[in-house]
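Each in structure tokens, the structures are laid out below.
What follows is a pair of complexes built around chain A, which joins chain B in one and chain C in the other.
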Partner chain A sequence: MIIQITESSPYTIATVNVTEANLEWSEAFKQQMMQLIDSGHKKVIVSFEKVSYVDSSFLGALVASLKHAISQHADIMLTHLNKDVANLLQLIRLDKVFTIYPTNAAAMQQ
Partner chain B sequence: MANSYSIIVPCNASEVLGLSNSIAYYLQQHKPALKELTILRCKHVLVELFTNAIKHAGCMQVHFTVNVNADAVVIQKKDTGLRLQLIQFNIRWDEAAIGVKQHLYNALYLEVISANELHFHILPPLTPEAIASGTFAMHEHFGLQIIASACSSFHYYYNATTRENIYTATIPLNDV
Partner chain C sequence: MNKQNNKSILIVDDNLLMLKVIEKNFADDGFICYTAGSAEEGLEVLQRTVPSVILSDYEMPGLNGFEFREKVLAHERTQHIPFVFLTAHDNTQLRLKGLDLQAIDYITKDTPFPVIVSKVNNILLSLRQQHLQSVEELKKAANALQYTAVPRQLPVLDEWELHYMYQSFQDYPGGDFIDCIKVNQHLTYCVIGDVVGKKWKAWFFTFGILSYIRSAIRLCVLDNQVSPAAILQKINYVIGEDETLQDILCSLGIILIDTNTSHVLYAGAGDLPLLIYRQQQQVQERVQHNGILLGLQKDATYTDIEITLQKGDIITAFTDGLIDMKVNDVSTTDYDGFALYIQALLKTSTQFTYLKQALEQQTFIDDATLLWIKNI
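Moving on, here comes the complex of A and B:
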């Protein structure tokens, strides 16, 4: 599984379980996120604590997941972005699209 | 240390992180005063140029050259795979056109310079009036958008004689 699921009702923490979040994993990630949202999870925290870098394919999967979540009245939050990943999101202004928190605890306080 | 770094790498996703780190190391060693943000941008450009080749070019290997001058880091990628297809962007090589990829907050513009040359630009989001004036909608392409956002110029050239795809990305030193 590319994502490791932890329940903390009403939140679901989906920890990305690879260090290189790239095109090799993007399709599997998207499929698992879609299934998670379709199975009724409304507040999904995607944790990048294990991820050292993200490429455009994975970003595309993340955006596709967010679009699907919005259509299902669900929400996706991102946590534990390292400097490289945070900078990448800022570069193409996806930091304006996603809700980003430093930690899972901070996301769950909102 | 030389002003230029050149490396040929197999076109394989497992090589991406190693390539990115080795060139970041070269930049840190060659130009210690380089800002961290500039090196980060270079890494993003390398990863996306390489990923683009893996996904679309269908080639065995890719040749990267990195040059550092007083104003910029210039990264060039060459491969002999499939040339860039514009049909996915709804524009054709034989027509002078500007393709626009409308994004949530950014717009990626493809400017056809000639039958073999293309320039990429990032411009502010389009207004509804601009869209209605006859620009071309493009599919999402985060990779090209990342590179264009990190660069002061980003060009594609197809050398019909050598059958090489040549991408040239210029990352300014004083823009961060």
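Moving on, here comes the complex of A and C:
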């Protein structure tokens, strides 16, 4: 599984299970995120603690998941972004569309 | 992770001695080897990586080789991996069953190890050749349709210099595009963008998006709406309305050059910040917009940024392929590092050919595109 699921009601933590989140994993990630949202999970925290690099295909899958989440009245939060990934999100203004927290605990306090 | 241009193999066999010996033979031939003592372990390996080929025993405790093959075929991510059975049996019925499961070949266990390695190499070579042939056919078809994501010729403007660099990823067309549209005597729009995704899928959608951009620009100018932000807003709305583009996300920067003035107007949607090199001061500025990717929110708003360029000043706009690189085989993204590199090149020479030659010597891990606008 590209994401490892941990329940912490009402939150669901989806930890991305690869170091390089790239084209090879983007489709599987998108499908698993869609399934997660379709099965009723409303507050999904995507943790990037294992991830050192994210390519544009994976970002596309992440944004497609967010679009689907919004249509299902669900929310996706991002945590544990490393400096490079956080910087990239800020540069292309994805920081405006995702809520980003340093840790899972910080996301769950909101 | 499957490395670029490297062969990798997943070997599945419950006979651990056999597993070790086969692994050594493939490793000696330059393969990255993943080993599994059972089909279940093999499936676990496939969660983490996509090898170039799978070599699997047939008779194993737990899932046998055929059941393993069925599971590999059931997943979109793994179903295309060439699969070879390695078995003690040379039994026609077994062979037929395996071939029904789209196994590429059978190799019996009494085959000398160097021959096993050669056979697998031949399979990979033959598949690679078939793949290259298909890609060539697609490229020919695309060329025949005159679908290009970069302009054949850039407009010539008084006192402005326009150039671009485009490098496809491993010779595949991707989602990057550039265009320069001269709408009247003094107004020219330069656009640079990237459809999210890689290779053919992204490339295919660039044409839909490019058509919208060209139409939107011309229709807006007809309505005396020259603002790049207004154009972005219209394109974003139309992409949101078009069902065929529902899953498509695209970054786009639009730069309007008015040759009557030394100003340009810029609006961006999820593209990387522009760089402006001030020749006289030899400093570089970064211009960041506030707009989100096209296709994300139908009602998103965009704003124009006015930039004044003195003689000799240069704008460089580029796609994310230029800031992604591999360092010691680890992928990384470094906008700041790339900006410093551009500045260093421009301090040495403000000729486009110098910058282009330097960039073309780099190895990129995605398609890489740069637009150059200079006030001369």
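One rule holds for everything that comes next: the second predicted complex is superposed on the first by the 110 of 110 C-alpha atoms of A that agree within 3 Å, B and C clash if a C-alpha of one lies under 4 Å from a C-alpha of the other, contacts with A are read in each partner's own complex, and residues count from 1 in each chain.
Here is the rule we go by: a contact is a pair of C-beta atoms (placed from the backbone, for glycine too) under 8 Å apart; a residue touches a chain by one contact, two chains touch by 3 or more.
In this text, all values refer to a predicted model and were calculated from it rather than measured experimentally.
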Practice task
Following the overlay on chain A, give me a clash-or-fit verdict for chain B and chain C.
Solution key: clash
Exercise for the section: Name the contact category of A:V85: first (chain B only), second (chain C only), both, or neither. Expected result: second
Handout entry: Contacts of A:L23 with chain B and chain C, given as first, second, both or neither
Key = both
Problem - Which superposed partner A:M1 touches (first chain B, second chain C, both, neither) - result: second
Problem - Greater chain A contact set [chain C / chain B] - result: C
Handout entry: Contacts of A:H73 with chain B and chain C, given as first, second, both or neither
Key = neither
Exercise for the section: Share the list of chain A residues that count as touching for chain B in one structure and for chain C in the other. Expected result: 20, 22-24, 52-53, 55-57, 59-60, 63, 84, 87-88, 91-94, 96-97
Exercise for the section: Name, in rising order, each residue of chain A that touches chain C in their complex. Expected result: 1-2, 17-20, 22-24, 27-28, 52-57, 59-60, 63-64, 67, 84-85, 87-88, 91-94, 96-97
Handout entry: Complex contacts: residues of chain C adjacent to chain A
Key = 1-2, 47-48, 50, 76-77, 175, 194, 196-198, 247, 249, 251, 270-273, 288-293, 296-297, 320, 324, 330-336, 365-366
Practice task
Over in the complex, which chain A residues touch chain B? Could you list them?
Solution key: 20, 22-24, 52-53, 55-57, 59-60, 63, 83-84, 87-88, 91-94, 96-97
Problem - chain B residues touching chain A - in the complex, by the definition given at the top - result: 13, 16-17, 20, 37, 40-41, 43-44, 47-48, 51, 54-55, 103-106, 140-143, 145-146, 149-150
